[in-house]
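The two complexes that follow have chain A in common; it is paired with chain B in the first and with chain C in the second.
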Partner chain A sequence: MDRGAKVFGALGQRLYSNRMRRAAKKEEPATYERLVYKNTSVYHYMSISLEFENEETLSPAQLKQFIVNGLKDIYGEVGGAFPFDLLKFDELKLTAILRVYNSGLVKLWSALTLLSSFDQERCAVRVNQERCAVRVNQVSPFLLALSGNSRELELH
Partner chain B sequence: MAVFMDLNISYTTNKKRLQSVIETAAQLGYSTVAINYVVDLQQKKQEIVKPKSVSELFKTFPIVQGKSRPIKVLNRLTVVASEPSHFRPTVDYKAYDLVAVFPQTEKLFHAACMTFDVDIICVAVTERLPFFFKRSPVNGAIERSVFFEISYTHAIRDHTMRRYTIANAINLMEICKGKNVIVSSGAEHPLEMRGPYDISNLGLLFGLSEEDGKAAVSTNCRAVCLHGETRKTALGIIHTIKKDPALTDRVEEDAPASKRAKIEMA
Partner chain C sequence: MYRELEKCPRSLLVCEKSNFENEKSSHDTHVSKHYFNHKVSLVIPECRSLPPKLASVINNFKKYFLIKDLPVYEFLDKDFLENVVWNGALYALSYKTSIDQDNTIALLPSSHLILSVDKDTYEQLGLEGKPSQYNHKQPMRYVVTIDLTEKSMAPGGKRYQRVLSSLKERVPLKSHFLLARHNSGVEGDRVLQSLLARYQWKDHTPVVRSHTLKDLSCPSLRSTDLRGEQHSCDPSSFLEWLGAVSAGVSCDNTATSFTSTYVCPEPNTPVSQALHCTLSGLLLPEDIYSLLQELRRYFDEPKFTSWLSLTVHGFMDSPVSWGDREHGFHKGGENFYNFVLFRNQDYWLHMGTGSNDRCPP
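Moving on to the complex of A and B:
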């Protein structure tokens, strides 16, 4: 009985989908494709922007060092030593895209949240601490998703 | 989807800075913020001041990002209580939208959870906990829908404070299981604000689950605001306001004697 139901179910489904296909042919289907990823992504991508109290310039290497220092501050040598990549850095707008393994996402994100001062060695003697903030604009497992931000759309 | 709120923005007399903090909050996507007036009755010559009207702060309130609605600004009073006499619900409290208490001793913490008519109980984040949280008062607070607040600005500013904040938060979560917790900023500077999603991620460090972390900046804050409204009104149904005597006096003085309204107490 159970098996019978299954067969009937499968048959019913096929009939249903055939009918759907016919119906779709008639009224010009909307053109979109649905993709389902069976395996979850290995990486997460983050788009971040930096804010400083005063105008600052920094190179990609400095930015990476800045984040690594922040990680080490909070999670220590072992906890903070996980791989992440700086994919892109816009030095004018101070925005960047980071890539990190899923397992490190929470750590990296919280480290970015708790970053608050930027050490700048202006003179050789004095280390100047400057207030800063890292704004996380978007986090997504798909890099493509960072190309547009739905929250920046103007709603009326 | 519930909107995000940050129910603790430190009041400063520097109007420009306060404005820029609120503007940043709107930019980050907070729909409601509360300006926090702290009164510490331990120190002498401290009295509860009337809050500034929020309409004085902005002509037009900044628009919340992604919502195209102006930000809502509330006033909040935090009473730092180290003696039972410090918390006296008087008329002064009614001028504020939210009332919070920061108990310094275990006895007061118990009283705040079980009897005080407050919306928020602050948890110490700048020092080691002066007492242990016990299950019965915390459960009592949860039943009365009073919320516990953890502010994160100190954690951002300083290493030691960060340790205390996280340790105290985890202590609290052990007892309350992530229920009835709000996380707020306590920011004095725009660069100390963080976005709502950052905070719900930070909640994971505090021992909140992902779901509770998000609730701590959205639905729980909404519950606090509604609780504040019911405290102001009679169970949220009837609202009474006191007629301002100063206003009526002035009107009477302006009018000639013959046209003054005759109000006589029977």
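Moving on to the complex of A and C:
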């Protein structure tokens, strides 16, 4: 039942429907237009998964700090200082989606690949240094493409 | 050093605006030529559950088969050619083969057999093909296209025998295949069943998942403003938002948030609920077209939303994207399109591809 019917009953619904139809009629059909954008997205998106030697729990903030530390290790304070977003983190599956400006993609990707252990001093939550790996599952300039990865189609 | 690090592979986004009732509208061609579809995603603002008619179309998507270790020469069987390939739209795509590493095979409904193979296999096959468009300096991948409707490919013909002996004796290519058929004739079904009986197979129906999103912000769209210049959202930001909704990414952030600064693009309107429904499997263009037609009728009854969206993702490892345009995988194999349907039958069509793909039609 739509909002018109809820508020005004059957008569209200009819009046509301007529108004909506009139509104639709007033709109002129769109004329054909085609636009082609090359490299339109200023961002790249990465779908990653984490693997730990032992079972681990990690908060989104800890994960982001962990990656920031990895960037600094490789590219230094200046080279590693660029913004990126942790769009989503699934703490149970240890999978995440990152967003980075195109200019930072190669640096972020390389830093993720080379991350291999927690540093116990800088990542205070860790007591011991532990081995880990970050797997980059998918990279795309379209966030929409990350939800349609056909390589994840598993049929049994 | 850093300048080199800042380069990115190219991507293309084609945006079209038109009206379904426009005689020259080519929405049907775009749908029917995108052969291998892996996932369909629907976003309908101000909707709690699927309307019954829409649900019925979604539940009527055709089932498909997974056949294990099927030799490619089986497609050239005389009976199979006459009753299944030539007589009805057959879609077959090798399963779990990565186009940047493995030999990938596809049979299009236009009766074209496409073999995207590495250099060694190509040389052993001895069939005429072309180097892939997406090779680097040295061609390492070749594409062999065989039109099964050609006269020379009639069973018993000279070329037919040559292709058959290449695929049967020289390089017995085989792979797991996803296979689906749109037209089902009695004779075609019999031949298909006799093929299936010789191999391990299982039929699958597309998996439907739907859930309702609560209290979210939706971008405001005006059908006449495709570029997003007049109080509307630009295509890139809109697709990003759609991706965020599909992936379950939160938009409740601020510019100073440590983890994420992503917010819904402006202008936007708060929406109490929205329906997100997905289908995955080997989805036929004919079924997607039926869904599109049903979605057009969604606005026959008055609705609070002025738009809804339908996204279709192609297989990343398909050797073609639209029609027989070669498709490859560089950093990603994205090839997708998205319809935004408006109340007055206007629509936007966004088509996106990665670096190893030609410009969408």
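The rule is simple: the second predicted complex is superposed on the first by the 105 of 156 C-alpha atoms of A that agree within 3 Å, B and C clash if a C-alpha of one lies under 4 Å from a C-alpha of the other, contacts with A are read in each partner's own complex, and residues count from 1 in each chain.
Criterion: contacts are C-beta pairs under 8 Å (C-beta built on N, C-alpha and C of every residue); 3 or more make two chains touch, one makes a residue touch a chain.
This one's a predicted model, so the numbers in the text were calculated from it and none came from an experiment.
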Contacts of A:Arg135 with chain B and chain C, given as first, second, both or neither: first
Touching partner for A:Val106 - first (chain B), second (chain C), both, neither: both
Touched partner set for A:Leu114, first chain B, second chain C, both or neither: first
Which superposed partner A:Ile97 touches (first chain B, second chain C, both, neither): second
Touched partner set for A:Asp73, first chain B, second chain C, both or neither: first
Partner chain(s) touched by A:Leu87 [first = chain B, second = chain C, both, neither]: second
Partner, of chain C and chain B, that touches more residues belonging to chain A: C
Residues of chain A contacting chain B in one complex and chain C in the other: 106, 139, 150-151, 153, 155-156
Chain C residues within the chain A interface of the complex: 2, 5-8, 10-19, 21-22, 24-25, 38-39, 41, 66, 95, 98, 202, 204, 223-224, 226-227, 235-236, 239-240, 242-244, 246-250, 258-262, 280-281, 299, 301-304, 311, 313-317, 331-334, 336, 338, 342-347, 352, 354, 359
Interface residues, chain B side, partner chain A - complex: 28-29, 65-68, 155-157, 159, 162, 189, 191-195, 197-199, 201-202, 204-205
Residues on chain A engaged by chain C in the complex (per definition of touch): 2-4, 16-17, 20-21, 23-25, 27-41, 43-45, 60-61, 64, 79, 83, 85-89, 97, 99, 102-107, 138-151, 153, 155-156
Chain B-facing residues of chain A, complex: 51, 53, 73-74, 106, 109-110, 112-114, 116, 131-133, 135-136, 139, 150-156
